[in-house]
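Below you'll find a set of structures to go through.
Presented sequentially are two complexes of chain A, the first with chain B as partner and the second with chain C.
Up next is the complex of A and B:
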């Protein structure tokens, strides 16, 4: 007997060894250190919408469904994604019903139920709560628990795309018990809760010093007994992108660094140390030039850059903006300024791939002669011989502003050089980001006031439905002195046909039709010359070579699958 | 008593000789003065003599190290750094000189009036205190925001911001000069030769011109060199903050600011503008120190 047992014993041992290599046990991977150079200050995504806060919170708080690295929705705390086919969405689009997974527990051991979901909706929708995510709950009329594991969200009007609430990292489920006293105006005063929320995720917060460091250990009640791999996680904040990249790629002090918008050559040089690798993922972010279709002349005073002040002396002519666009060598721009973090694009709706129009791709190759011909055709010639085109005594000189950022200043320099070649004079201005994006009503330098001819920044939309994004360019979204310069229609584009098509998109359910309408809307914007897209921007992060399982995700939290991360032995 | 009674005209000749020999004895001042002169000459003539134009993009020559054709290398867009430094130096030094003259003018006027006119002394000194208490950088940020657009439409982008920066630096850096001059003049006023001049019926304006100003000339020159250094540093700080001149108009501060992101790749981009700012400021300071000693044979200023 004893002779026979031995080989069996060996066999069992070797199977164990094999399985542990393939699928690690919970917590046997040691410690993981992440570097978020913009330090987290609040771990409640409903009150702090910046990725620097919502991503560290995503280790703890989870939504019903989230997006994978390809932008496809995955059920997370829900059993399945509700659709028309499986009956989860009401046939008249008036409601969506989520079925929650059974047996999920909060990290304090209590059960996760439909009541928590209902509470979270009330929490965000109650008046004066300061909730940053109310846009996700647009048109929601009622959220109710049908039983302990079923939630129905009803909408005030038919909602073709009902995946706003509880999908993605910004709208996770909060524990009703913990936040019970934080409804309404009290939300912001609940510092203990906001700094250390209880969640269902793989980790729980052990210590949080706002603006500095978050420490986590494993949530003992996490639903998968073999995960997460790392026993403890530290998210360290502070410093800058350059230092963060160095800490992962050159010195190896950290395992992961987030948001590394750096000169490609600088990153390449760091990668040579072989300590880590750079990962990028392309979402919907597009760096674009916003064209001021209205006149920003100083002598118009209060009517500056409003539709009351009249059309721009030359940028309102689509031929001129087309020429400016054709003069740009986007491939060279990407190579020099963006590297792996960018791709040339001629569409402002550059992702998801099914929505990409491609009808404007002739701007991808630089064509200076065609650009010159277009300007000639529009009547702008160099009549006084100073190298700058003019017409009716008005010289073709542009004021081109953006925020202070080395990549953007490089872009400014390059574009200025190319436009000089077609006879357009450019004056550059760089504004401190806190002022440019600050929205201060008294400052003349905000991107919404747009007291310039062109300005450049990036915009994107979360998730994969472009409707709210395309809504940005309706007449109603124009920033004006009357509405306190709110609204994202920075080019002051206003076209009744566009608004009509947007209304149609809001009532269209069929995906194919939605795609066609979205492409058409994109093309209208491009052909009117309201925007000049430059670069489809990716998010860039770096991780240590030894770190495995990173699936860089721009649609959701970059740390969305942190439970699967392991360390190569 | 007798040497004070010697007329100014005959006293000037031997005094100047003494000045030069005293100045030459101060080695730092001689080196500083020569260096400052060379830098000014280089930025004045350099941009016209040097074959490369500042800001000329050349995508095939990116991030080059130092070589014969590019003695300071090139930046990430293939622009010759030496050309940018020469062109940038022109703006930086010009800002320094003009702002210094403005602050000197205001400082001298306030100092002399406060020293000579008793009833204006207190209000003017409180005004000086007020200006000393003003935080210069925030003030500059506010004025740039308020007046940039109107100046731009009148004078153009570069000249507009130049006027603005120069005026603001000048308006906020005259206080030291005023204070020092006032103290010196209060002492001078009590001296016998001033009393004698007053007794002889010389008007206050004449006293200032004939007796006060020549005696505080040394102080004014010293303030000038220090003011130059101060103005260059303030302009560099503004550019370093991303304010001030448009991004494609290089100044030393701006070049330094742009270069910091490339410290590992092309350290020369931050190094050279930084070295030049330091050298200019240091030279100006040494020159000032040498001039102070030279103007003051008995070392009265030093003892203060």
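Up next is the complex of A and C:
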């Protein structure tokens, strides 16, 4: 079974809950100020799923189950996590049945029922709604209310991991009554509803200025009479990460600042003021180099960077990518560019811990001599004495692109220097994020067209099941001109064995077996040299020293337990 | 003068329509994707559906005409309905909606305008109030210490970029001295003396920076114009017939010197409504400038299109105002 249920986790949670409840009464902690330097613009995660929007929305809207700071699923609006053992999951994996908690009310005083859950599924699954979370509802055939507090979600095919709908911060339950007129194409035009959704969470929205500030007060109908501690919350947006860090760590104007990917030196200096502390949490995000296994040469025209254009002149050789990987000093890279926000990694599947392979860890230590030996072995030597290796008249020169981002440009510079030492020439390119990550068909600079030899970005998967993530590298997921350059298999890796193993994973229920298969898939990708993982990236935030109860959580909203937050006296 | 103004206004209509189409074309040609900033876990099909739901797949002309209809018909009708309560058309008519917040663009602008007008507008007025006397006196007492100090401060205001000056002020006055806040609170309601002081404190740093820049610019123009006029024959004549020095400077030389300065002031005025992108970012004022830059970053075309078009309208209008002001200040200029 693929559920991470840990009774110990429940126990500690309930102890924490008890102790903080004993300390505080509802609303006696005053005002809480949060700084989200990327300002929230829309508080409906179905239409705006970026963390800058879904996290401020998580104070109001809640899912049936969410993840704690260790990535373990907790029942939230549901009584318990449905499993095969407790009968919540159908033995043939065709459906999952959630039992909702009794007595939960919306912030307008009406009852929270199974109808709201059914409505929310309809809301996201209806055509032309612009719902961004449709992937969470993949294969859902029917969502029905068995009674006022029981919901059954049926799937069109067996689902070994049925925790897509209503698990995690991006798929909370909306109030059926409020959004009744916002189904289908009308969803995007419901300005008033999207500005101020009614929720079951500890707070309700009193004022929202999109792109500027959200103000909250306590939801009078919140289920725990002793919580939340803070009487009001303000989420302010604007500025940049540096200014946000300063407002918490140096001036103390704010209690919490989100997403502070900054130069480690800067953060260390700011911490010296002793007004706040930096917290980090590691999820599944890995900064990696994508290796173009196909040929991006310009003279191939339409066949550029496609499998029809043929293999890459040297990157298709795993010895070469191994050499490039060994030339990188990941520890130094982390120290210089990431600080507390990163750890070296050699696996593209770097978390949860039970899934990490560890079979590729030899790349953790830089070994320039071995890298040089591997390139020599592959037949790439510096025959003309210009310091750059060549073979058959072809010089080993790389075009290495990524998005504009100070940390990424530092990484580019470091890697270029290391590769120069092993005789590889690197040309660097930095592309505006809106273009690089955008799907504009007319632009040659998107990460999916990949008209370069290497490119770098971060990818991750939500929740704790890596199956959809590993699905990214099947032959069918290769971006091509025919499919409009869609698909996440950017390296253009295609291996029948990999595809077969993916199919096997889709039919495997046993958790141990799923873990073994996932590790095997990770190792296949690493050994083929399709990806060069660099850094396991964490999320970094800062909070005032006086703020207590923060349990930094990368698996869900960072504000997931805001009802428990208090201020030290 | 009236006929002239009306003629100019009438001429500006085709100009503005052309501008709006040019902006639309430019936006369309720029590589841009509002779904680019979404988490990478969102699959391509969903992104395609999103773009379709936003109407991005329609032909260019359809989208442009739809924007025209929403902007020139629906929005004014909505405004009239709000002000007078008379609803001419059904209230569900589509207004220009932002792609990233799904809120009418005009409402977003209304949210942002107060802080921009207050901070940028005040700094502009303050800048003018400093620049005119400084410029006049610097010219009148050329090479005096006032002139040298004025020139020095202007050079600083001109040449030190606000992203540097802003951060410098924050480090000195917010971090070290804790006099002023580094984050502007747009939810603050001024109701009593305490909240007024809070408002003044949070405006102090951004207004200083912008006022310095404006004063630097305008005072240089004022000084140059004054210097030119002070050596004119009519000034000597005024002195010769025994007019007091105050009268010579204020009534004769300064009035004539104001002509080019008025143009500079009028042409600079649209920037008050356009906001100050950098300063707003640094102090998290979240005014019009911040709205524009964040919309550009997130590929929010309706907001960018509407804002740039409004700026174009303002620039055309203030050009006209500058020309009219010319005629008022200088009776020799007649347009009819």
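Note that in this section the second predicted complex is superposed on the first by the 547 of 569 C-alpha atoms of A that agree within 3 Å, B and C clash if a C-alpha of one lies under 4 Å from a C-alpha of the other, contacts with A are read in each partner's own complex, and residues count from 1 in each chain.
Criterion: a contact is a pair of C-beta atoms (placed from the backbone, for glycine too) under 8 Å apart; a residue touches a chain by one contact, two chains touch by 3 or more.
Note that the structure is predicted; figures quoted are calculated from it, not measured.
Number of chain A residues touched is higher for C, counting chain B against chain C. Of the two partner chains, chain B is the only one that A:298 touches; chain C does not reach it. When the two complexes are overlaid on their common chain A, residue A:445 makes contact with chain B and with chain C alike. With both structures placed on the common chain, the touch criterion links A:434 to chain C but leaves chain B unconnected.
In the superposition on chain A, A:94 makes contact with neither chain B nor chain C.
By the touch criterion stated above, A:128 is placed in contact with chain C alone, chain B being left untouched.
Of the two partner chains, chain C is the only one that A:35 touches; chain B does not reach it.
When the two complexes are overlaid on their common chain A, residue A:194 makes contact with chain C while staying clear of chain B. In the superposed pair of complexes, A:481 makes contact with neither chain B nor chain C. In the three-chain superposition model, chain A touches both chain B and chain C at residues 443, 445. Interface of chain B with chain A (complex): residues 55, 57, 59, 62-63, 76-77, 145, 149-150, 152-153, 157, 241-243, 246-248, 258, 261-262, 264-265. Listed in rising order, the residues of chain A touching chain C in the complex are 35, 39, 41-42, 47-51, 128-132, 134-135, 185, 188-191, 194-195, 207, 209-213, 215, 234, 236-240, 243, 246-247, 250-251, 253-254, 273, 433-440, 442-443, 445, 457-462, 468, 484, 486-488.
Against chain A, in their complex, chain C makes its touches with residues 31-33, 35-54, 94, 97-98, 100-104, 107-108, 111-112, 170, 174-175, 178, 181-183, 185-187, 280-286, 290-291, 294, 297-299.
Residues 242, 262-263, 265-266, 269-270, 298-299, 332, 336, 404, 406, 409-410, 412-414, 416-417, 427-432, 443-445, 451 of chain A are the ones that touch chain B when the two sit in their complex.
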